Amino acid sequence: MIVNVGIFGATGYTGVELVKLLGRHSHARIAFAHSESHAGARLSEVLACPFDIPLVSADDAPLHKADVVFSCLPHGASAALCKRALDAGRRVIDLSADFRLRDAATYAHWYGHPHPYPDLLPLAVYGLPEVHRREIAQAQLVANPGCYPTSIILGLLPLIEAGALADPLVIADSKSGVSGAGRKPSLTTHFVEVNESLAPYSIGRAHRHLPEIEQMLNALRPGVPPEPIRLIFSPHLLPISRGILSMIYLRINALREDVLTLFNRRYADEPFVRILPAGQIATIAHAAHTNYAVISVHPVAELPDRVQIVCCIDNLVKGASGQAIQNMNVMFGLDETEGLR
Amino acid sequence: MIVNVGIFGATGYTGVELVKLLGRHSHARIAFAHSESHAGARLSEVLACPFDIPLVSADDAPLHKADVVFSCLPHGASAALCKRALDAGRRVIDLSADFRLRDAATYAHWYGHPHPYPDLLPLAVYGLPEVHRREIAQAQLVANPGCYPTSIILGLLPLIEAGALADPLVIADSKSGVSGAGRKPSLTTHFVEVNESLAPYSIGRAHRHLPEIEQMLNALRPGVPPEPIRLIFSPHLLPISRGILSMIYLRINALREDVLTLFNRRYADEPFVRILPAGQIATIAHAAHTNYAVISVHPVAELPDRVQIVCCIDNLVKGASGQAIQNMNVMFGLDETEGLR
Amino acid sequence: MIVNVGIFGATGYTGVELVKLLGRHSHARIAFAHSESHAGARLSEVLACPFDIPLVSADDAPLHKADVVFSCLPHGASAALCKRALDAGRRVIDLSADFRLRDAATYAHWYGHPHPYPDLLPLAVYGLPEVHRREIAQAQLVANPGCYPTSIILGLLPLIEAGALADPLVIADSKSGVSGAGRKPSLTTHFVEVNESLAPYSIGRAHRHLPEIEQMLNALRPGVPPEPIRLIFSPHLLPISRGILSMIYLRINALREDVLTLFNRRYADEPFVRILPAGQIATIAHAAHTNYAVISVHPVAELPDRVQIVCCIDNLVKGASGQAIQNMNVMFGLDETEGLR
Amino acid sequence: MIVNVGIFGATGYTGVELVKLLGRHSHARIAFAHSESHAGARLSEVLACPFDIPLVSADDAPLHKADVVFSCLPHGASAALCKRALDAGRRVIDLSADFRLRDAATYAHWYGHPHPYPDLLPLAVYGLPEVHRREIAQAQLVANPGCYPTSIILGLLPLIEAGALADPLVIADSKSGVSGAGRKPSLTTHFVEVNESLAPYSIGRAHRHLPEIEQMLNALRPGVPPEPIRLIFSPHLLPISRGILSMIYLRINALREDVLTLFNRRYADEPFVRILPAGQIATIAHAAHTNYAVISVHPVAELPDRVQIVCCIDNLVKGASGQAIQNMNVMFGLDETEGLR
């Protein structure tokens, strides 16, 4: 079986990562790769990569040849082309934020403009296979999770599902490589500004991934809790190209099993979640260039109700293109790990 | 006026930084520079630096020529040579951890061996000029603060002195450049292991700087509070050479003034604490290669009792050798900023 | 068809890269992975990687289960285990320098000790598929080329074969990432010493790869030239983890075709040599994490007899483990690109 | 004595470095700092630095208060403001390329537009103190050398003055940190594009610093040689913030003294040239954050007529702002090392 794949926005970092990963996939073939600004050129002429794939404009993209279309376009621009692909009867995996929030008003608040297709929102499945595998398999439109949200939700999932939160306030101190900010030049991504520094940004609950994370965390919570989960989320720009580490602080209730056992049990059958043994600490090196979320769990000396979770991913793989392919594998009934080991 | 300076352990990163900074100081002269393993060589032959200073063994160090002796030796090794300098009537600034903890039993617990000179501990002044300027001026023995402690204590000081902590539990998520780990080769400081990664270590309240920080925070607290301040302190190794960023999370009481005003007022006369205006966020680039602690203060949207403080320093300057010179300036009645602007 | 693979020295950077690449290979299975110092542990416990492979000592390595044995041990240590595998009738791909030089006396001169098995030297084929594909297919013992040699030989090959050198003196200014220096901690690979610097080493014709490169360049030369090719070879340590760029300067005779055409023609059928179009310059980013040698060719304004060649590889892939797998594919009649695209 | 200093273009990397270095200068005071795009703001608001200096537009710059004006503007823009300062009777140190080439036609060829003030060219002194100290002392207009030229000219000077070149063709393989490319965002300076790579650019004698270097090398040559010196100059972009290393290859005549002795003798009285002892190799770490050019000299085994010179500088200090201050010190009769040790 061959899945024919179309890609909107192939010349960004997630687009090229997708092309690279698809090249290792035994059951996928690229039907087209799109770039509006580089239409007519080949991918290898635009970036330092070996992929001699021709780039087409949106109007020339042969949608009918694709079984699934990935959109690697920025939010705002992405929704329109996803709509076009859906209208053409294609299944769609959108790597942008355009279909992640269920509520159009929340989208408008955080992204600064009304949602262009609010009627499509109910159609979208949030593409975290560890939570929505069954829905993804059936979905016409998958909203691929954000990179920070993937690292934070996977780090909290077992505790939240188990009702273990003693305090609805959770802190996530997250650090990301620069590819997460995209390929468009700006002073904040200038080498000299980033190098040999570390820069927090959008702290104090100001980052756009906040509502996405809180939406999922609260949806995962069993029963009707008195207070919603609130997240203090602090993103930092790290002087590295790729990788995210989220250090998560929370207060928990006494559990029947220890936290590590809970994590091991919850993720026992998950092909892309790796729980480190007691005593080891997850680092970005554990996850870089892989589709794994690597998690370590840490009690806090003298403070038995406290726990720290470290969750590391590669923002371009499990945080974007790898997870998108994992979703595609689920959607088309393929081995979920195909192309990703 | 000229202060004659001796240096024990001149060939580590803090030793060389000290030599570099002293070279810009108009009232200091190096009387001797010590290295046991490189005695007989010149500093410029041991490291990539332009300082043609001869290195002497401890037994050959002309203590009588020094008005003050800095020790840049590792803890354990440092105490013995500090003792020797004190016995020779010299004033001493110890950059190691050997005289920072007031309690010998705490030292033994965290450093794994009994304190060699517990009777010297009452003599030692904790060398944070923003707190102990008067005591430092008179001190015979100054325990120069650790790098992480400097960044965390300065980030909390105004709130703790003001009695503003609503919760005695404080979280500090700290990230440090690799020079803080010293110059001895090890797998954890191997370029390939550090580069393109981020590695938490000694988390869960396991780092040796924890008791040092808690000792100071609790000493600063006014009145007799019901519960001691406890710190969840998470150090991370950053792939940069120098700099520390501490992101501090805490819960505060309602204050008569806003937090930024409090910080500005508390540090108004401090030459080496810089408070950023509202809206700016401190980064390591703000502090690197300077003796400043650069602090920014952040309210948290929808959570009025929460505040985030970012405090950045250069671990080799304000976190070690620069602060040591600041202490020397105070001890000898010099302009506190001499050699450090 | 399945090739069963044994690995000596699996816990270094080339060993782990080999394991990673073999994981993507459809026709290879790891029969054993060896580490003397970590025997009994699993690879994932030794390094930040997801490979749960048990490590065995040399004495416990089931040689009879392997069709081919890779040795990733350092030179000196490698020869003895390669001998053991050969004696057991296994085919061997040695990634160390032990079987690269044809002359035992040259080996002794550059490596400081007599060659332990000089009688095996005539057996060894230098494993550069672009030159020795046919011999590799039949070989019992393949000496996998060094990383610098691969980048320099591939950058010169078409011109030397064409007899185009006007001057037997060639200059190669090469720069390598730190993984090329291995995983053993040392001051030269300490993060702070490498970071934000660039360090030439073994310049003035003092590096061990010099005789390896000169041996090949002179063997490739057609006819009996009056003077041997001599190389001025300047390696530099770059503050990056992986990748080599060699900038090669030479003087050439007038040719019937332009240099770019020559390169394109010579490498037209080579799956892992990529010649950039005129005007583009090869960078390390072109080659990193791939098995390609990426080459660009540059005339020099106003100096028609001069040419500059840039050749980039990933030192761990085309410069070590990727090329080793390419050799294995050739040896076992598999698609040469299997596991490497 | 106080020298009052004006700065045009204070918000680029060389501008800020100048402000930083002037802050350590005992005899300099900043009269004004200019930025057209940030006029009205303070320097500390524009960059992560502690300098609370107000920025003025060119029209508001109080030229009459300055004894000397530094221009850190880009070429093209710089000439006009230098002219304005000269017309106002001020002495000028121009860090741009606008007054470095003596020939207006050469300028037009390399910079793509006619020189705006060709009549000022004869006035300009090329500000390399090691060559033109006497002329700089008297100069009204100093053209501060480019960063690459400083590293290459100082690395060749003793041999050229001694008439030792056996071949007029010289190769310089130069590698620079990213701050040399300025602070304007672009894809070539985007963190992810630079990081973990090495990128040659403008090779094949295409870089604008080529005519500047060749002009100086030929001017330094004694007698009337048959052929001009030609340089093959290969700049590379290094993934570091600051520093240049030039590896220079040349062929020399037999000399009465060895090359190291020649270098030591030629630079014996130079405060900012440091020649390493035999056996040591200069690295960027030797020169970073200092005003030194650090040079090492290397014979080539078996090739007695060949020599390699390594010359390292900090591109922002000796390659720009430090050298500019050195020139100012010479112009105003101050200790040449003031503010720079």
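General observations
Order of writing sets the labels: A, B, C and D. Residues in every chain begin at 1.
Keep in mind that, in the parts below, a contact is a pair of C-beta atoms (placed from the backbone, for glycine too) under 8 Å apart; a residue touches a chain by one contact, two chains touch by 3 or more.
Nothing here was measured: the structure is a model prediction, and the numbers come from that model.
Across the assembly, the mean Cα position most removed from that of chain B is the one of C. Both copies, chain A and chain B, contribute mostly matching positions to the interface they share, with over half of the numbers common to the two. Between B-D and C-D, more C-beta contact pairs join the chains of C-D. Chain A and chain D have Cα centroids lying 46 Å from one another.
Chain C and chain D have centres, each the mean of its CA atoms, that are 39 Å apart.
As a whole-number value, the distance joining the C-alpha centres of chain B and chain D reads 37 Å. Among the residues of chain A, those in touch with two or more other chains are 48, 193, 195-197, 239-241, 283, 285. Chain D makes touch with chain B in their complex at residues 23-24, 26, 45, 48-50, 196, 274, 277, 283, 285-286, 289-290, 292, 294, 341. Here chain A touches chain D in the complex through residues 13, 48, 178-179, 183, 185-187, 189-197, 239-241, going by the rule given at the top.
Contact residues on chain B toward chain A in their complex (touch as defined above): 169, 171, 173, 175, 177, 193, 195-201, 203-206, 230, 232, 234, 236, 238-243, 245, 247, 249, 281-285, 288, 298-303, 306, 308, 310.
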